[in-house]
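So, here's a batch of structures to check.
In the two assemblies presented below, subunit A is common to both, partnered first by subunit B and then by subunit C.
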Partner chain A sequence: MSQRSMFVHISKDSPLNLLHPLPKLALILTINTVALIIEAPIPFLMLIILVVFTFRIAKVPIIRIWRLIAALIIVSQAVIISYVFTSRIPGKIIYEFPWGTYVSDMTLLFSLSMIMRYSTMLLGSTLILCTTSDRDITYGIFSLKLPYSLAFIFTLAFRSTSIFIDDFAKVRDAMILRGTNFYKGSIVSRARSYARLLIPLIFIALRRVVEYTYAVEAKGFTVTGKRTYLHRYDVKPRDIVISILLASSVFLTFILKYWLGILSFPGWPLNMFLGR
Partner chain B sequence: MVTAVSIENLSWRYETGREWALKDVTLNVEEGEFLGVVGPSGAGKTTLSLCPSTSSTGREWALKDVTLNVEEGEFLGVVGPSGAGKTTLSLCLAGLIPHMTRGVMCGSVKIYSMDTSKTRLKDIVRRVGVVFQDPETQFVTMSVEDEVAFPMENYAFPREIMASRVEEALKATRMQDYAARYPYELSGGQKQRVAIASFLALRPDILVLDEPTSDLDPAGKSEVFSIIDRLRTEYNTTLIVIEHNTEELAKYADRVVLLDRGRIVKEEICKFFFDDVPFLQEHGVYPPQVTELCYRLENGRESSLPLTVEQATAYLKNRFSLKDSPQNVRWSPRRHVRKEGDVILRVENLRFTYPDGTEALKGIDFEIRRGEYVAVIGQNASGKTTLVKHLVGLLKPTHGNVYVFGLNTKNVSITSLATKIGYVYQNPDHQLFCQTVYEECAYGLRNLGFSESEVKTKVRNVLEDLGMAGLEDTETFILGKGERQRLAVATVLVMAPEVIIIDEPTTGQDMKQSESIMNLLDQFNMEGKTVIIITHNMRLVAEHADRAMVMADGKILLDGGVREIFSNIDLMKRTFLTPPQITLLANSLSPELKGVLTVDELEKLFKVK
Partner chain C sequence: MEAVRGGIKPGHLVVSGVFGGICAGAALFSIIMVPIPGIPGGSGFWIPAGLYFALTLWFGFWGALAGHIGTFIGMGPFFGFTFQVWADGALGDFFAPLINLAIFRATRADPELKTKRDMGIWLISVIISTCLAAMWIHFVNYSFGTITFDLWKWGVIAYTIGDTLAVWIIGTLLLRSATKYIKTFPYYVKGLFS
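Right, the complex of A and B next:
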């Protein structure tokens, strides 16, 4: 019995499932773009709460968020290390490094802000991937009237991903059954174990690429040439309205940051307390 | 003048043909005469010819001097051992060789007089559909419906025609209830049916199927064959089927060719193809069990031997009789049976639900004793693999308990279980991750803390036992599939487990490779160790296992001796399984004989009338 990939509908009665793939794609883009624009920690916190609230509305099990914790910890470590050791953000200096960079209170606050940025992007993408199938994403790309070959590349990428996840699980299990412990030992020994895991995965992937190519060619696929479609991907008025609202929110975020400065670091309401 | 050839009133019709190929032909040819034969195309139009087609992989010819003609509407079976060139042949037929594969090709392949090397690939594949062995990599879109429509979309079929053909193709393959499913929601068998449906909808003139049933349960295999046979009946599609399963092939094929080392070594109409049983076995092909039985009883003197259970029943009733009354037949116990061993595996009310909510196991209870040889059988997606993953500790029960040598798997690490219970995957590619054969075998031992000298001794011993001595420094990824499978077994055996679990040990392997692996397992079992196999191959179960557990829908429906299980033909049907052909034949001869498991057993019961 095959394990399902992460790209799967979680709840069939989720309101997000009523939407056309296009606004769902727009939602992914919006969350990520807004997260990239914002720098201020408090608006970020509000955005995260909004995304988590959307998880509830979309009927995505909250357990999905817990599964992200490990990824978030790794991201947080990387962010803190990079800002602590390499940045020079003005503020009350806590520690100065011999190579000229320093850690200030603002460095820590900015790191926190960046952690929240990546958390928002991770949460937002997870939300959409939980309620949007890989099929929706490719159908969404069809709707954008982009070349079919581009959408088809996405389809193949998603298919390969789910197969790769299955292969990865099988090889990892086979290694565990022969005494490999991926969670113990030095970093070097763990890295070596993961490197070993790559060998069969690359071998299998190469073989699968050849088989995929045969299968696609054997079904008459060509990059150019006329083709027809079984499905129509009609966009309803509500999908257009939602897409416009999402686009507007990006525009609004842009204005709030670059015109009013509310979303720039340290941003509202901290700028009132910090006098910046 | 001496008459060299004399033909008088010769008429010939192929067994499955509708018209006479030759009718009342009288002809004499004198010695030394040069006779020209002219005329229009025959009763059947030649659709496809290979003359001679060869393709090289670089080291040796994958196909060599193959000459083959296939008639329109014909069902051609292709058999042969692994590495014989069967898949290369299918790639040549679909034009993927030479268009998509680099190599050297001499000769030509013609589809309806269209030379594949001079024709656009898209034009070839419009007429030749090809279904490959691995259902996973054939599914290139995101839903069943999309997959069936995909080839038609590529040929710009109007939407209305596509919709009706998709519906029709899904109905024909009994997949209409799965139209909106994702590929990862389907079993291997279902994916294979979708692959066939996609060509059913496109309606190519020729359909090539490369081992289409290797991953399917017995009922799934029969289903695929009946579906493709309907294609021929309804659309006059020419079928070329590459298959290890000769029992199904023999039911439907008009003609069969045997490929070995890239050459056609035998080509005959199906009725006569399987007559020379030793020749086929020598070339790694299992003939149908009923044919093998009749061959043995006739000492190879007769031709046109039965191919199906029905034919064999009539044949045996006419020519042979039982030595004793069926009621008096007593079966000797299977050689492995060990009921006195300690209980080493105990499963109590095991339930397991995957994180997505799929309830894979629904209350399983059983015990396995030391030295038993157990087969876990059941239709695709019945929960077999999920069950054995609990035995090795890879999965932990949602409810209930699994005890391995008295230890609850919930409380012990997988590594500590690995020294007691080994698991061999169906696909060796998932299990081999080191550079050389030696390193592969040594890997597990080193993880368990053995000294290098102990590792060396143990690896040497296991490679010798498996006939792989001398391959220590060989890179694992250049080994053939059979050797890789044996190496996968070696990596487990070297850890000296008490129990070995092996998933589909012979899938995609020819007769010799299958026997080699099964002999290994027999030897392991004879040493008092426990063997658990998961398989769809009922012949293997009958010939090797003592006990079988029949699974369906996450439950064990029947657990008992193999003879008892295969005697329960109603249950087998309910679980989409089919007993071995020889058991069906015995049951057809007399219900008292339905405990027969092997050709040897049934052969001993007969005498010439």
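Right, the complex of A and C next:
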């Protein structure tokens, strides 16, 4: 048996499927925060390997990682260009530009670290969202004691996206049949054609807002006040333990970087070889 | 309709949800049609910007929230639902229209843009709010190590020009053609929340 998550169908017995939404949200926050603290390339590499290994354990199809390659290439080339031409990373200067920035022996290594930082966040977030449904996110937001109105808005936005894309295609086809050409003219005139397309879409959406509002009010939905839930997610001791461990890992990363310097650039073990 | 504390109705939440979905769809189109190499989820012509600037003048906070959620959902499939994508694009797209709204409220300008004064305030407020958002977004990108500080100012200038044009083209058209009707809508916001 498989279960539908935000992106894919995954096996129902995936260990991450058994978790409460709260530790899953905590895991997203932890991966992103830890990646933001770390600067050292080797610990980054170890973290990425750990996340990829977790993909296997969580039974998430590895094909998901390949789909992220395009995003990683786009970000990587920009990071490298940015650091090569406009940075002053301390080290042995190899080339100095007339505008005052320079390329040192550490420039490429530092830009590689920054690429790995982005990769870690991307892989970590994808891993969690591959094992999380939009309902999990709703309950996760509620578990964080945030207003359920926020969870409601988030879920509605997710569901409305595909409806909008259908409406967009219908309105665009109708406009083409009436003689609008979206592919001719300057960029500005094409942009104006697309902007005109938004006007009927907004009125369709406004009508939908009224219909949805009647529907939710008929179901007893209010902005504040208590509400009941169809599905129950019980927080088990393991969920609490995992959440505490995740919070501790952020604290530990902070100490390792700012107190012991292990995770600062170039970090362990490169600092031993480079004598820093 | 049940009126609750502060005049906020379920309809206001529905406005955020439905238009959040529209902004997400528009963001997807923008990234596919005019991508900017290197900026996570960036686009040279950010269609949702024109949309959520107008939405915020019509629905206040709920319009800005729609832009915020829509941008995050729209950028996520391409560049991951990461903290960076949330903090730069999505949070920047939340503050920018609110700054624009604050300028409109402070100057008592009318979103129908019928007079030259209203039009002038609209054009200037868009530049100010977009520039502030650009500074924030590139500060986040700098903090996450995606760009260097030297590139920050160029990023701010490019972003301000690109986003301002999108808001001027799309937002102006929407405000001038739809505001009169939307003012009769039950969830039109005169203050910030209701």
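Points worth noting:
One rule holds for everything that comes next: the second predicted complex is superposed on the first by the 196 of 276 C-alpha atoms of A that agree within 3 Å, B and C clash if a C-alpha of one lies under 4 Å from a C-alpha of the other, contacts with A are read in each partner's own complex, and residues count from 1 in each chain.
Keep this in mind: contacts are C-beta pairs under 8 Å (C-beta built on N, C-alpha and C of every residue); 3 or more make two chains touch, one makes a residue touch a chain.
Note that the coordinates shown come from a computational prediction; the quantities given were computed from them, not determined experimentally.
Legend: residue contacts after superposition of the two complexes on their common chain; A:Thr138 is shown touching subunit B, with no touch to subunit C. When the two complexes are overlaid on their common chain A, residue A:Ile199 makes contact with subunit B and with subunit C alike.
By the touch criterion defined above, A:Val216 reaches both subunit B and subunit C. Within the superposed three-chain model, A:Ile163 lies in touch with subunit B and with subunit C [touch as defined at top].
In the superposition on chain A, contact is made by A:Lys226 with subunit B only, not with subunit C. By the touch criterion defined above, A:Met121 lies against subunit C but remains apart from subunit B after alignment on the C-alpha atoms of chain A. Residue contacts after overlaying the shared chain place A:Ile69 against neither subunit B nor subunit C. Of the two partner chains placed by superposition, only subunit B is touched by A:Ile176; subunit C is not. When the two complexes are laid over each other on chain A, subunit A has residues 155-156, 158-159, 162-163, 196, 199, 203, 208, 212-213, 216-217, 221-222 in contact with both subunit B and subunit C. Against subunit C, in their complex, subunit A makes its touches with residues 28-29, 32-33, 36, 68, 71, 74-75, 77-79, 81-83, 86-87, 101, 113-114, 117-118, 121-122, 125-126, 129, 149, 152-165, 168, 187-188, 191-192, 194-196, 198-199, 201-203, 205-206, 208-210, 212-213, 216-217, 221-224. Taken together, the subunit A residues at the contact with subunit B in this complex read 1-5, 8, 133-135, 138, 155-156, 158-159, 162-163, 166-167, 170-171, 173-181, 196-197, 199-200, 203-204, 207-208, 211-222, 225-231. By the touch criterion given at the top, residues 91, 94, 96, 99-100, 121-122, 125-126, 129-130, 132, 134, 136-143, 145-146, 149-159, 162-163, 166, 182-185, 187, 198, 202, 354, 356, 358, 360, 381, 383, 385-386, 389, 392, 394, 414-415, 418, 422-423, 425, 427, 429-435, 443-444, 447-448, 477, 491, 495 of subunit B touch subunit A in their complex. Interface of subunit C with subunit A (complex): residues 1-2, 4-5, 8-22, 24-26, 28-29, 35, 37-40, 45, 47, 50-51, 65-66, 69-70, 73-74, 78-84, 144-148, 150-151, 166, 169-170, 173-174, 177-178, 181-182, 185-187.
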